[in-house]
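Chains: A, B, C and D, in written order; residue numbering restarts at 1 for each.
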Amino acid sequence: MLNTLLEQSSLFLQQLVNGVTLGSIYALIAVGYTMVYGVIQLINFAHGEIYMLGAFLSFSLVTGFFGIGLPFGLAVVIAVIFCALAGVFLDIVAYRPLRRAPRLAALITAIGMSIFLQNLALLIWGAQIKSFPRAVVPAFLFAPALQFGDVVISWLQVVILTTAVLLMVMLQLIVHYTRIGRAMRAIAQDKTAAALMGVNVDRVVSYTFALGSGLGGVAGILVGLYYNAVYPTMGYFAGIKAFAAAVLGGIGSIPGAILGGGILGLAEVFGGGYISSSYSDGIAYAVMILVILVKPTGLFGRFARDKA
Amino acid sequence: MKRDLSIILTLIFMLSLLSFSARARAQAETIKIPVASPFTGPLASFGEGVKNGALLKADEINAGGGINGKMVEIVLGDELCDPKEAAAVATKFANDPTVAIVIGHLCSSATLAALPIYKEAKLPAITPASTNPQIGKSSPYYFRNVYKDDFQGDFLARYAKQVKNFKKIAIFYEVNDYAMGLKKAFIRQARKLGLRVIGAESYMAETADFKAQLSKFKMMRPDAIFIPGYAPQATLLISQARSLGLKCAFFGADGLDDEIMLKNPDADGLFVTTPFLVDQGGAQVQDFVKRYREKFSIEPNWFAANTYDAVGLAAAAIAAVGLDREKVRAYLAGISSKEKAYQGITGATYFDKNGDCLKAAFVKTIKDGKWVSAEKQLQ
Amino acid sequence: MTERKSKKILLQTHNLVKKFGGLTAVKDVSLDVKAGEIVALIGPNGAGKTTFFNCLNQVTVPTSGAVTFADQSLVSVVSPATKLLVLRLSQVFAGLSLLWLPLVLGVVWPEAFFRLEAVIALSSLTLFRIYLLRPLSRFRPWSRLLLIIFMLVDIVCGAVWLARSAEFSEISFFGLFPFYPLLVPGAIILIAGALTLLVMFNLPRVREAFGRYLRADTITRLGMGRTFQNIRLFSSLSALDNVKLGRHCRTKANFFGTVFCLPQARREEQDSAEKAAECLRFVGLGDQLLTRAGALPYGDQRRLEIARALATEPRLLLLDEPAAGMNPTESRELITLVRRISRAGIAILIIEHDMKVIMNLADRIFVLDHGELIASGTPEAIRKDKKVIEAYLGAQ
Amino acid sequence: MKNKAMHLDDRLFSDKKLYLPLLAVVLILPWLPMGIAGPYVIRIATLTLVYMVLALGLNVVPGFTGLLDLGYVGFFGIGAYTAGLLTVYYHWSLWLVLPLAALNGALWGILRGAPTLRLSDDYFAIVTFGFSELIILVIKNELWLTRGPMGVPGIARPDLFGIVLNQPWQTYYLIFFFLLLVLWTVVRIRSSRLGRAWFAIREDEIAAECVGVNVARYKIIAFALSAAIGALAGAFYARWFRFIHPDMFKFWESILILCLIVFGGMGSITGALVGALVLIPLTEILRIVLPPEFSNARYLVFGLLIVVMMRWRPAGLLPVEKD
């Protein structure tokens, strides 16, 4: 009996660790959604694709898909920078011309971009699941960092968690203590007023996209390593789940996105582990729908999206 | 002006129809043998073997003067192992009157989707790779030169018990006809042998995260995990299991027999069943392997070998009775005993009343990043 | 004055209050409009005039107070019987949540009871559900939704329970029936559909408790038409279609009548086209029937809005700043138009800044400032009222 | 003067010069010389007609009531599975299965619509999307009923008075009949009291309420009608394709259908038809013309198309509004 209890509790702990890791990844992606929504009230459907691009770029740079193989660290940095630029590019090409158009037009454009990018990746890299070759990734990542009883925490999980926490802290600092952060918050409050006060709205929106997309790219790389799988549709599912996390936390709120990501990650892992593994994807959708229907403002939301 | 537009659009539509028909008419005097398989998509590497095997055989036939003086042309139908695409490809073949026999499909679910279409068009087909037991029973027009899942699952259970001496097995299966058939056969045989199946979990084709279920398995401490499914997921699954600290053995069926497993250092020690082993054959096999290596500069896998034989069978049938679908079927159904068997590189092929055939299974394993025959085979 | 008193009171508000968070936009306003009268509501910007209008036809729900229109109470007051019904319903759902989840879990996954974290999760889920039930008894706006969700969850749980118990236990529920694959989804669909429809459309008491008792469209049907301060036309539709929409609440052709071209529906359509054209001619837009509403000049848009409101056959017309942005000629035309409407026997409540219009038209004037009614009376009396002058010019 | 002001949509059933040639082309198509109208071409034509029905059905919600529906394929799936399973298990006739499927679709349309009545544009879109994903997930996982990712093979062909329709041209005419049915319904409703109410909701919900339109009720009717049309198309599709699989009802398909009406012009009936007429054969042409490694990425074109349309012609090829 004691043995069973021990086994059960270590299973619980293991799932907890997995859940927190997953949650921190969702949080990283969700922040991108939430920041963009906060600034221009657009659900950037293509954000999941940026995350996928991050994973693919780092993979390609590391394995020499484009001709040259780079060391791992450098590849990661370049991939993240490229993701940030891709986000800005997306904004300039697709969304900026539609700032004054009806919101549905922008949303449809975002979906179109998402499909375009996903198929572009399919075209370039093919549908097959790619794995990071062991030789090019620092070996310690795959070793267990901590092990007590049956519970194993790998270095990769530690890295994911610390990266997520560090980036979140950094983000909070940027949003609260820099000029550009102040401008972002001003635009979120009232775009017209901010523009009248001399804030260059387009530039700030670009910065927002860059920050959000960069974080998305980081998440993509981490996930690519964590599951050792990179494939074109990875952004679709992760994007939706992260969006659910952002909605759960209250769209527009960065701490909300972090908390929402954590809750969703745990819910998914525990749901998958204890209830039914086949419905674990459904948990994200169900959470999202319920939150929108019952409390559209989410946990920390500022945007009451209800009519009248 | 609006009406002009609609007229223009109609014209475009008609023109596009014309271009279809133009393509359909551009046919030379060759004998078409369509091969349907996933040539792109996640299972493309399986399809690669199918394609190469078919091309090799076609070249061989053409070098020998073709079938009754006509050249053989392999027509590829890419269906991504997706039942929907498979049905579309099958309709295309079924509606082409110059097609007398189809080689394909690879995945059991694709084959099952295409089956009613061939059945209706009375078009015989040989699958070189689909192992689901349903296939033979459902259509008199479907033949296969590969063993069935009940045989394979059975075989694996016996192997696990009698050779490997495992006691507790967990099963992690993909939800599809192929894997579920395997699982069922495996569990049935395991019960008979007293092998304990301590848990079964499932995943979908697009899943990439197996950690929650693996954590569960870990607590059950199985001796081995049986993975009925396909290689792309299996390799991820094994890596993730190892990173969670699972130390048990892994084994699977022919769906795992793929080059990408070799790139995964965690997969060392994995063993799988296969209908064809490079080093277990006579001169005919060695000749095939040599030519294959020369032509494609990779190692042949069992898909290549089976397709090679399937095309051979089809060619033999057409050579004997011509391009009449009914007659081809009758010819294939006539190969019903060891004496009348077709002698190919995968051994003697002959069909029972369902169109299924009995073949030997072998076990191979990964050792230092290479597929090798297992030391002990089960007879 | 005595002559007016004999007339019937059409609209009466009693201590109407509307709060937005901490801000009180309308504070204890009581006023009345009698049949056939023209009453004006004036006040400085931000005095709460438009909010007051919105409260009248329930576009925003007033916080407290009463509105009576044509002898009907417009603000819903939940009757004790209904309150009891809802309380019982929420008790049933609390009970179900206590029962269902463990029951379902016990069948789907019997080991659950031997797992610590499962029991914790289960009990917290149940507690959370009961916690969520609280607003039901408080009649929060989204409680209807909650009720539907609970109902659906319970039904799905029940179906899963039935299906799984047939799958796992020896006793098979479905083996008894020939319609095995049909039964579970069929049951879900039937029960869920029936219950949802019941709650949504039929059970008047439930509707009274959970929805607004009278929505804006019902009030329009009762005979209260309105225009908007910032013109709200259906701008991509033609002028005629806009006015035809006004006829909407006086017609009743349904889906089947339309699709099968039933004669009644066709007659009705013709009839409403004629009436709409008549309304447009009445406001002087008889030659603009097929022009897109958004393409009309500003003054015409205002008049189109009035025509649309007239098409609903109102007894009381609420005009929200109809003369805003008009030049003197147009204002004069407007005054005649309003007079003509009034002559047709329609009472008018008008918000306006243009004093010339007000003094010309109004029989009585009410003055709002910071949400409070500060004065009321005839135009002459208001012109001299100290408080009104203060409110407009600021306290000296 | 009257004809000029009338939109193409209104003339669809009243202008002989417009509908007679079109009708002739569609009816003659299967009888053209066999080189042109081989079974493959008829198959594509049939598919195009199916998507026309779907586009008309979807058009009801985003086009008429102005709410973006990203989960339309869910109803397509519900219809296909209802029809497919009833056929496989009970061997019922098409004419019994079809109304049941449409009813089931309508019911789920109402169930989905009821709680979302008060949601605004983008949140409504997200809920519809999540709803359809959940439907597909259920179809995928409830193996005992739907066989999950193995699909349902061997569905019987459509039948008419006990005769099995097994010639391609027969099914082609059948779906054409359904298309006319749906088209008639939609065209009639568009210019009726019901249609006007929907347009009013699209333009301004509050104003609609204030002129006496019961917004909730008309939204629900729109959801139900749209879902029923989708389910009808799905039911036909299942009986025609004879194999259904959860992957046929992926998010892609929703976007493809949306693409059809965005291309033609949201809210425009002829636009929806033209969108399907151009884009569906295009997918097939792309499949043939492009080398296999590109043909899987052919949705790329659609993604790009949506973006370009939204940027330069947001009202589509045949816009509803004319100034």
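Simple rule for what comes next: a residue touches a chain if its C-beta (ideal position, glycine included) is under 8 Å from a C-beta of that chain, and two chains touch if they have at least 3 such contacts.
What you see is a predicted model; the values in this text were computed from it and never measured.
Asker: Across the interfaces A-B and A-D, which one involves more C-beta pairs in contact?
Answerer: Comparing A-B with A-D, the pair joined by more C-beta contacts is A-D.
Asker: Kindly work out which chain lies most centrally, taking the average of its C-alpha atoms as its position.
Answerer: Per-chain C-alpha centroids compared to the overall one single out D.
Asker: Give, as an integer number of Å, the spacing between the C-alpha centres of chain D and chain B.
Answerer: Distance between chain centres: 36 Å.
Asker: For chain B and chain C, let me know how many angstrom lie between their CA-based centres, rounded off.
Answerer: Comparing mean C-alpha positions, chain C is 63 Å from chain B.
Asker: Nearest whole angstrom, what separates the Cα centre of chain A from the Cα centre of chain D?
Answerer: The computed centroid separation for chain A versus chain D comes out at 33 Å.
Asker: Check each residue of chain A and list the ones that touch at least two other chains.
Answerer: 8, 126-127, 278, 293, 308
Asker: Touching at least two other chains at once: which residues of chain B meet that condition?
Answerer: Expected reply: 40-41, 80, 175, 204.
Asker: Considering chain D alone, which of its residues make contact with at least two other chains?
Answerer: If we look for residues of chain D contacting two or more partner chains, we find 115, 140, 206, 293, 296.
Asker: Write out all the pairs of touching chains, ordered by chain label.
Answerer: Per the contact definition above, the touching pairs are A-B, A-C, A-D, B-D, C-D.
Asker: If you look only at chain D, which of its residues touch chain C in the complex?
Answerer: Against chain C, chain D makes touches at 5, 85-86, 89-90, 104, 107, 110-111, 114-115, 144-145, 184-185, 188-189, 192-194, 196-197, 199-200, 203-204, 206-216, 220-221, 225, 320-321, 323.
Asker: What residues on chain D touch chain A, complex-wise?
Answerer: Checking each residue of chain D against chain A gives 62, 66, 68, 70, 115-116, 118-123, 125-127, 129-131, 133-134, 137-138, 140-141, 205-206, 251-252, 255, 258, 262, 293-294, 296-300, 302-307, 310-311, 314.
Asker: Once bound in the complex, which stretches of chain C touch chain D?
Answerer: The contact residues of chain C facing chain D are 57, 59, 145, 148-149, 152, 163, 167, 181-182, 184-185, 189, 192-193, 196-197, 200, 215-218, 220-221, 225-226, 228, 232-238, 241, 244-246, 248-251, 253-255, 258-259, 261, 265, 268-269, 272, 290, 292, 295, 308-309, 311-312.
Asker: Residue numbers of chain A touching chain C in their complex, please.
Answerer: Interface residues on chain A, with respect to chain C: 4-5, 8-9, 12, 270, 274-275, 290, 293-294, 308.
Asker: Please name which positions on chain B make contact with chain A in the complex.
Answerer: So the residues of chain B touching chain A come out as 40-42, 44-45, 80, 175, 201-204, 206, 208-209, 211-213, 215-216, 218-219, 232-233, 235-236, 239-240, 243-245, 263-265.
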